[in-house]
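Notes for the one structure printed next.
Residue numbering begins at 1 within each chain, and the chains themselves are lettered A, B, C and D in the order written.
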Amino acid sequence: MNRTRLEAFSDGVIAIIITIMVLELHAPHTSSARVLSLADLQSLRGLWPVFVSYILSYVYVGIYWTNHHHMLHTVRRVTGSILWANLHLLFWLSLVPFVTAWIGQNHFAPTPMAVYGFVLLMAAIAYTILQHTIIADQGPNSVLRAAVKADWKGKVSVACYLVGILCCLVSAWIAGVLYVTVAMLWLIPDRRIEHEIRRHEPSTEAEVK
Amino acid sequence: MNRTRLEAFSDGVIAIIITIMVLELHAPHTSSARVLSLADLQSLRGLWPVFVSYILSYVYVGIYWTNHHHMLHTVRRVTGSILWANLHLLFWLSLVPFVTAWIGQNHFAPTPMAVYGFVLLMAAIAYTILQHTIIADQGPNSVLRAAVKADWKGKVSVACYLVGILCCLVSAWIAGVLYVTVAMLWLIPDRRIEHEIRRHEPSTEAEVK
Amino acid sequence: MNRTRLEAFSDGVIAIIITIMVLELHAPHTSSARVLSLADLQSLRGLWPVFVSYILSYVYVGIYWTNHHHMLHTVRRVTGSILWANLHLLFWLSLVPFVTAWIGQNHFAPTPMAVYGFVLLMAAIAYTILQHTIIADQGPNSVLRAAVKADWKGKVSVACYLVGILCCLVSAWIAGVLYVTVAMLWLIPDRRIEHEIRRHEPSTEAEVK
Amino acid sequence: MNRTRLEAFSDGVIAIIITIMVLELHAPHTSSARVLSLADLQSLRGLWPVFVSYILSYVYVGIYWTNHHHMLHTVRRVTGSILWANLHLLFWLSLVPFVTAWIGQNHFAPTPMAVYGFVLLMAAIAYTILQHTIIADQGPNSVLRAAVKADWKGKVSVACYLVGILCCLVSAWIAGVLYVTVAMLWLIPDRRIEHEIRRHEPSTEAEVK
């Protein structure tokens, strides 16, 4: 089975997810001022929650894409289970534009923020399932297992999402801070996998087609 | 002719089909509650038919993608007939978002459910035509023919769609149960093709680019 | 320069063009009938011009995709001129969803039909320009020139579009018949290029990656 | 790490950006005239600002795509920093449809024109950051550095955007002229990189897969 096509399809879906979120930014109406006007600039101000939620989700989807990129790089054989574990992950990611629109349109209200956290949580779980599926297929000498090790980042993220959802019972802002913190944590791409791959394939040059 | 490009184009179309369906999930309005509120969570309840129809169609399109992935893997030469049989399949799949929106917005009313079944039926027929086109091109030693054999799954699906459409004369729920059953039947990816390919290409390692 | 990426980008744009046209099919409202009702089925009837225009444009874009596929197959070197001639073609194709919506929403009224023909005409011209750019780059032994020869199909199409646009001064239906005729003409993929390629690369097996 | 996937993802995002802009062109209503009517053709006239802004942005995004194409061609190793510098560039490009809709719907009003220039400015800066990230990774013998040299085009563009934004305090038209000028400047693809690559890889034939 061909890894290239699995990557291409995932790239397509993720590219569309990331781009349709921008459709939520509706162009505001401007006055008939003939020069740059502060009033018109301020018409953008109403868009800030939509814009901020777009940035947050863009970073999240970007993180998933880069880590997915690294993880699939270790895959040597694409099985049916990997295909479906991947489709399961893409399903939860495909809900990100919906919850992003929901928090943006409602100024980060607590209920949408909790549901946003829930979708992130499910995506994180789906990512872990995909990871385990690949490791199981690779057997005892799994490159991915060696790279991921205890996966504390994955565990901390899940904990943060859970705490974040619960925090919405008190204040949506704590949840927001937690979600941003998890994003920060992952912004550093998963060098563990990069390192393991290099250990196993000393000549990275050969990697480049 | 280049198989890669046929796959890339199909992946693009299928990725867009799968993702634009999520645009039907319109973010509901929330109250001004300052903490997580049950009333706001219940505003999601009105979305359930849209959400359920999204899941069903996501699974269906996912099934088509994985089986298409396996089937095209056996193609060694892309002819004009294969290109058009493939475009014909993509045409019917491109109508899935439309019928999905229709059943979702009308709470699985019988008429949309019958038309939904009709589109699934036509996609199944288009898939069979593509399969036959590839087998015909591969000649007597066709890997795909050996893999597909009697294709009972394809025949059962077509029968289920036909019965499902007729059932809408009585109740849309029976049709729904039938459509879900067919999806279940296919969720197990087409291992027949995987097996045949492995028989013909013993070293799967060599498959990976 | 890398041909693969030119193909991938074109595939992406064409896949999106083909798929966003289906967004024009808005799901109609259904009655509360509990079983399949003829009245509800008839609510689809109002969609027929949108649906027919979708089929016509789908076939047109499909034709462009298959012929583009064959033409780019002869390209050995991607120059800046080829990149921009290709972007120019994609520009006119990107207007197809707009004119398709226009003719569909207005029941093939003569003015939209004329503009539809104009966009098809410009796309045909852009395709010819791309063809000439590739031939010019390939020099005297151009595989593409040998394949295309006098390009009577291209010339007949341009003539049909021009006559079709003029016909809208009398009746939009004649234009419609002409546009369908051109589509029919091209539905047979450009075997000339397939033949020339096979003459130059006797072992097609080697083509498959 | 695999360059192909970085290209495929960027192609996907750019293809979607370029195509969703066309959704702003809403099909106007036509009269019931039975033949081609001047009045109906004039209904297109109201679309001219949307159409002109679409052309401008199409050219801009096309320029980014071709230059990105050339630049990534020099990349031999994809690091985490390159992935994120690329996502940063795609972020600013993803805002192009939004500002394009804004200037189109408001007839190139000065405030939207200033914000349009700001997004172009940020995209240019993001492109420069990506360029520097690649050069830094390539080390002292960087092919890209040799190709880009003093990058006067990049510097002139940034200056034009800045002046353009300021001009909106006086007149949006000067800004428009400046933005068009920058587009003209870049329409000629970055042959510097093409030349450097050929110097380093004398047999371009070998480039083609």
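The rule is simple: contacts are C-beta pairs under 8 Å (C-beta built on N, C-alpha and C of every residue); 3 or more make two chains touch, one makes a residue touch a chain.
Please read these numbers as outputs of a predicted model, since none were measured by experiment.
Between subunit B and subunit C, the least number of touching-chain steps is 1. Of all residue numbers seen at the subunit C-subunit D contact, under half occur in both copies; the interface is built from largely non-matching residues. If you average the CA atoms of subunit A and of subunit C, the two centres end up 36 Å from each other.
Distance between subunit A and subunit D, defined via averaged C-alpha coordinates, is recorded as 25 Å.
For subunit C, the set of residues that touch two or more other chains comprises 4, 8, 12, 15-16, 20, 209. Only residues 4, 7-8, 11-12, 14-16, 18-20, 22-23, 25, 27-37, 40-41, 43-44, 55, 58, 62, 65-66, 69-70, 73, 187-189, 191, 194, 204-205, 207-209 of subunit C touch subunit B when the two sit together in their complex.
Here subunit C touches subunit D in the complex through residues 1-6, 8-9, 12-13, 15-17, 20, 76-77, 79-80, 83-84, 87, 90-91, 94-95, 97-98, 101-102, 105-106, 109-112, 114-115, 168-172, 209, going by the rule given at the top.
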